[in-house]
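In the two complexes that follow, chain A is the common piece, with chain B as its partner first and chain C second.
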Partner chain A sequence: MNDFSATTSLMHGIQQLLRRNFVLTLTVGYFIVMSALLPAFASSRNLANLSSNFWPLLSLVIGQLLVMIVGGIDLSQSSIMALASVCGASLMCQSADPVVFAKAPLWNIVFSEQGGFLAGSVFAVSAAVAVMLTVGILVGFFNGFAVAYLKMPPFIVTLVSMMFFSGAAIYLTASENITHLPTSFTAIAQKRVLLPIPVWIVAASAIVVHIILQHTAFGKKLYAVGLNAKAALISGINVPMVTLTAFTLSGFFAALGSVIYSARLEGGRPTLGQDLLLDVIGAAVIGGISLFGGRGRVRDACAGALFFTLLANSLNLMNLSFFIVNIVKGGVILLAAAVDAWRVGKSGGMSKR
Partner chain B sequence: MTPLISIRNIDKSFFGAPALRSVSFDIIPNRILGLIGENGAGKSTLMNILCGELQPDSGELYFRGRPFRLEGPAAAAEAGIALIHQELNLFNNLSIADNLFLSRYPRRGPWIDKGAMHDKALQLLHQVGLDLPPNWLLERLRPGERQLVEICKALHADAELVIFDEPTTSLTAAEKERLFQVIDGLKQRGKTIIYISHDLDEVMRLCDDIVVLRDGRMVDFGAASEFTLQRMIASMCGCELEYLFPIRQGTPQAQVLLEVRHLSAEGLVEDVSFEIRKGEILGLFGLMGSGRTELARLLFGLEPFDSGRIVFNGRILEQPSPRRCIELGMAFVTENRREEGLLIDGTVQDNLVLATLNRFVDFARFLDAEKMASESEAQVRQLNLRCTSLKQIVKSLSGGNQQKVVLGKWLLARPLLFILDEPTRGIDVGAKYEVYSLINHLADEGAGILMISSELEELTALCDRLLVIHRGEIIKSFTKDQFDAEKILEAAFHL
Partner chain C sequence: MKRGKYLFFAVIVGFFLISGGSCGKKEKQLTICFSFQDLETEFWVGAHKAITEELKARGVRVIERNSSQDANRQLEQVRDAIAQQVDGIIIIPQDGQSANTIIGEANRAGIPIAVFNRPPADSSRNAIVVLADNKLIAEKAVDYMVEKAAASGRRYRPCIIVGDLGDPNSIARRDGFYAALAKRPQLFKPVVEVPSKWDAGTTLANFEAAIQANPDIDFVFTSSDFLYPQLRSVLEPLGKWTSDADPRHVILGGVDGDSFACRMMRERIIDATGVQDLFFEARSLMDELLRAIDNGEKQPKKWIVDPGFTLTLDNYAERAVDMWGCVLLHRGLISR
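What follows is the complex of A and B.
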């Protein structure tokens, strides 16, 4: 009898664990199964590869998390990455090919054969990184302003931003990649201080955002705006300001991701992050961040980004074609979105009663 | 006479919590059955079973003496059962006729027979005394008229049993009157009606039989003629509430708290002037759309005003915002708590601290979790708020307890002026009494209160003074010794 109740309480405990950390459990399960099926999966080289994909993605998902909590969506993150990447790279590159860039509007203004405007300066890298982050903040601010004060739908605002700024990034460099970046910049992705530097940067960001969300008034206000903007307004919350801040932060985290990716790829790419949008939204939704607003935590973002990284990586290792990979990814996101709708519907959020 | 529907020993639990316990009674054809009970007594669950939306755990249903099962809402519609919901199931962007025939359009071959649709719609609308062109979009109709369209839908479906769930909460007095006539008309046409309402006077007036539910059990049943208001209340709450209203003992102080002078806002209010003193309960009475809610929203900075002056606690409010108003000591309980009052998917504590978040941060800008919990706990106790924990999701609370959450949120801000728009709408008798007592208590402590309500009775019982608003203008003011329901209503209707 005692044995039986001990077993049931153990089962109950496991059930609770599964329910609370469903995605994380899924991820661990997926990892174990895939390690058995694909010998290359758990190799140390692939693990390093997984890590280098996971951290910058997490930065983007954290930005997306903040926007999704207030009930919005940010489709422009990929264009922010591209724009920040070319802006930063053009400023700090050490040389450039005049033949390749002859038609680029930035040529001979921001950068030339002798490199970028900042080339050679002691502050080149730090100033360029500051510019990249500022680009993200400005685009995010623009999105947030249009949504919060002009009352435009987030979907259309950020869709237009996506088109406009990714177009701008390509235009500015005549669609060419800027290379020859200073080694002190590429070191951001390649050097280690016990752990790779991106791990420190993004993990610290994640912790800070977690603290903001769970332990500050601003965090509570973000959730309140997402749950019911009208009630939040009447309760004295500056709803437009909260919304604006969420979008601005999303731009910042997209730019932070851009810094890491650009450093890893050793160049400023006008097409950087072009197919990352799917991964970011996918990771957010899989992590359990609600598309309907008001729900989602940093740990959901981590779990979602981790699962999505594993999924994409394992699909690549299977040597599937790009199209098949996208079909599978799309299917997984659809499933996660259906679960979200079902969960919100079950608690009555979208239904009448 | 064979009952239309017999309910026998119906049980229903949700996650182990019983909602209905062995409920049995008969629904007699061609009579109006009043179903009353406090929030959470099991009325909605029972009606959802009758509409096929929920299946009972055990027990039987008999339709004209024969056992039957309702597998889903379609089966209930087939059996001739129609529910007129509190929140209407209509489409505002479609025409009246489209709304009526959406589930079965009259056809000629593959096409919709527009002519037949128009004629049939006219005929149905006429039956409920709503003579409007069927091609009007529903959004042009007032709430009362929309409800009549919903009734037409039930008529069109040829329903035998029409269930009305709280149909009068958003209706004006005139619209209520018309609804009652239509319900009487349905009865004369041989239909059977179940009428659910918190308004006990209405139930007394309209119904032939009364069933009282409490905690999922049927605790009282009988002909309406055998019931008194006292018996209904006693059965509903299982106690003897001798009075519906607590006695108001305090009197207003001399100091003026809010002074409004010549306030005008295009299309909302026109040249409104009044003042509220400390410790005063000022009532604002008017029909729906008279500008009563709009005035409250103006005072709280939710709408801009064109001209005039608002002086609150000695300070002039120039184009206020809700944030500024809260800072200066105002609180606003809106008429619609689900849409504007609550984070319905949030926890009790999330809601309670919402208006005072900035007060709970420490020097490092972190929220003080302990302080939030203890002050929330204190509100829960003070308000006698029934919840399992501070982490309970507000949606799962009863209407009365949800309203207490809204009130608690504002009490934490310790305001000087409370603007209460329909503070007792849709909550049960027991909770109403508690809300009244709270309002009295707040006034006794020196708060000013602007109370807006459609229930004249509660205004006359509670208020020290009463203003009547009509088309955005304050047209009459009554002091307590002048209160006379007839005269106030006359003023509101501008007779």
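What follows is the complex of A and C.
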């Protein structure tokens, strides 16, 4: 009887583990299978690649998580990345080619042949990063204001933002990449302080967001707004302010991702992140963050981003063609979303958090 | 619940604390990663074909990577190839700057890298670089166009379709164009510059606008032959897409040497094209990279320049067989 009881308890425990951590379990399983199939998959170099790809993506997924919890979606993250990238790079670049940039609107105003406005200053990198983050916050605020106070649909607002700010990034630099960035900036993506610097930046941000979501009144308000905005309003929650804050934070995290990607590519790119949106939303959906609001944790964002990173990397290591890789990625996102929806439905909606 | 948390932290922490060495064994067969930006133009299709066929003919296993014009994706793909311990890397980079970053990755990994047809922004990087002498090739093609203009005895309104100014090839071709015009400045009115960004849609829109604003344009140089269909879309309805025997003929020239230029020269609509010797470039790249791998060189550095040649209406009968676009057309590898 005792044995039976112990077995039942173990089975129940495993069921709970799978139910609550389905994607993470899937990720671990996938990692084990791929490590057996692909010799290079678990090599230290490839793990370093996975890490390098995972953290900036996670930053974007966390931003998307906050917006999705309140029942929104942020399609403008890629344009925020591009705009922040060129704004920051134009301020801190150490030189620029007049042949390339002569027709750029920022030329001779923000940057010139001698470099950016901040070039040579000891505060160049920190100030430029601050500007990049501010750009993200401002665009996020704009999105949030339109959604929360003008009552515009998030899909349309952020779609228009994506078009507008992508165009602005291209316009400001005449579509050229801004290079010759300070090494102290590119070091953000290339140097380590025990662990790679992006790990510290994004992990710290993730922990802060986790604490906000799980242990503060504001976190509870976010979920309440996402579950039922009317009920939240009647309960005395300032729904527009909560929504505005979620979109503003999404802009911040997109800009944070931009800092890491720009440092990694050693340049300000007006087309930065153009193809990343599917990866971000795909990772969020795989993680189990609800597109209907009210559900999602930082842990889900991590699991989704991790699985997506593993998937993309393993497909590359299988030497599949670009077209097949895209087809498989799309199929897996769809399958994961369907399985997760079935799992949630079967468990009677389970915990919203 | 707690078990879930432990599992989560174990995965995340374990994942990133590992660093350093590498594992796996090299296969005897050479493996080369070939990463290219896209296959959108005929030149890149031709280059892809020439390089992959040459590698396979030499018994090399090729890992192909299409970055779809995304510099970040190309960097990730090359890093993944490095993790597979490839013996060498060939890239057609998105731009000169991203070439620098990727070369740095390969150098750090000790894997020889070769860059095809688009030079890194920083020429001090350790890579095998094969590229055409774009300025000279463009200048010679425009020289012929200028002589043709001089023979007519009237002044022309020149127009240049400029590529992406972030691309050193594009800048060199523009320099070649102006160098040729500077030899006979009295023949020309002010130049009309049309930006293309190496994009067909952008070229069509901007060239249409340029023709509206300057209907007297009668001398057009395109920085790449792949943009000729857009020029034809604008000039044909105006009755200006004609052979050189027609008085309405616009003097036309370009750079690359693709199959469209080959066909249009056969019809005497295009006057000259500066030809890159695609097969020479692919063969030289391969020779140099395989030599470096054989010699165990981890960071070989060499620049190989393709001087190219000019195909004109005067030498078409003799030299067309040397132009890669005509060769591909003749072999039936490119659609007619």
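In this text, the second predicted complex is superposed on the first by the 331 of 353 C-alpha atoms of A that agree within 3 Å, B and C clash if a C-alpha of one lies under 4 Å from a C-alpha of the other, contacts with A are read in each partner's own complex, and residues count from 1 in each chain.
Basically, a residue touches a chain if its C-beta (ideal position, glycine included) is under 8 Å from a C-beta of that chain, and two chains touch if they have at least 3 such contacts.
As the structure is a computational prediction, the values presented were derived from the model and not from experiment.
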item: Simultaneous placement of chain C and chain B on chain A, clash or fit; value: fit
item: Touching partner for A:L227 - first (chain B), second (chain C), both, neither; value: first
item: Partner, of chain C and chain B, that touches more residues belonging to chain A; value: C
item: Touched partner set for A:G236, first chain B, second chain C, both or neither; value: first
item: Three-chain overlay, closest Cα atoms of chain B and chain C, distance in Å; value: 14
item: Intersection of chain A interface sets (partners chain B, chain C); value: none
item: Complex contact set, residues of chain B against chain A; value: 85, 87, 89, 300, 302, 322-323, 325-327, 332, 334, 339-346, 350, 353-355, 357-358, 360-361, 365-367, 369, 393, 395, 409
item: Partner chain B, residues of chain A touching it in the complex; value: 211, 215-217, 220-221, 223-224, 227-228, 230-238, 294-295, 347-349, 352
item: Residue ranges of chain C touching chain A (in the complex, touch as defined); value: 1, 3-4, 7-8, 11-12, 15-25, 63-68, 70-73, 75-77, 79-85, 95, 97-98, 100-101, 109, 121, 164-166, 171, 197
item: Interface residues, chain A side, partner chain C - complex; value: 13, 16-17, 20-21, 24-25, 27-28, 31, 39-40, 42-53, 99-100, 174-177, 179, 195-196, 199, 261, 264-267, 269, 272-276, 299, 302-303, 306, 312-313, 316-317, 319, 321-322
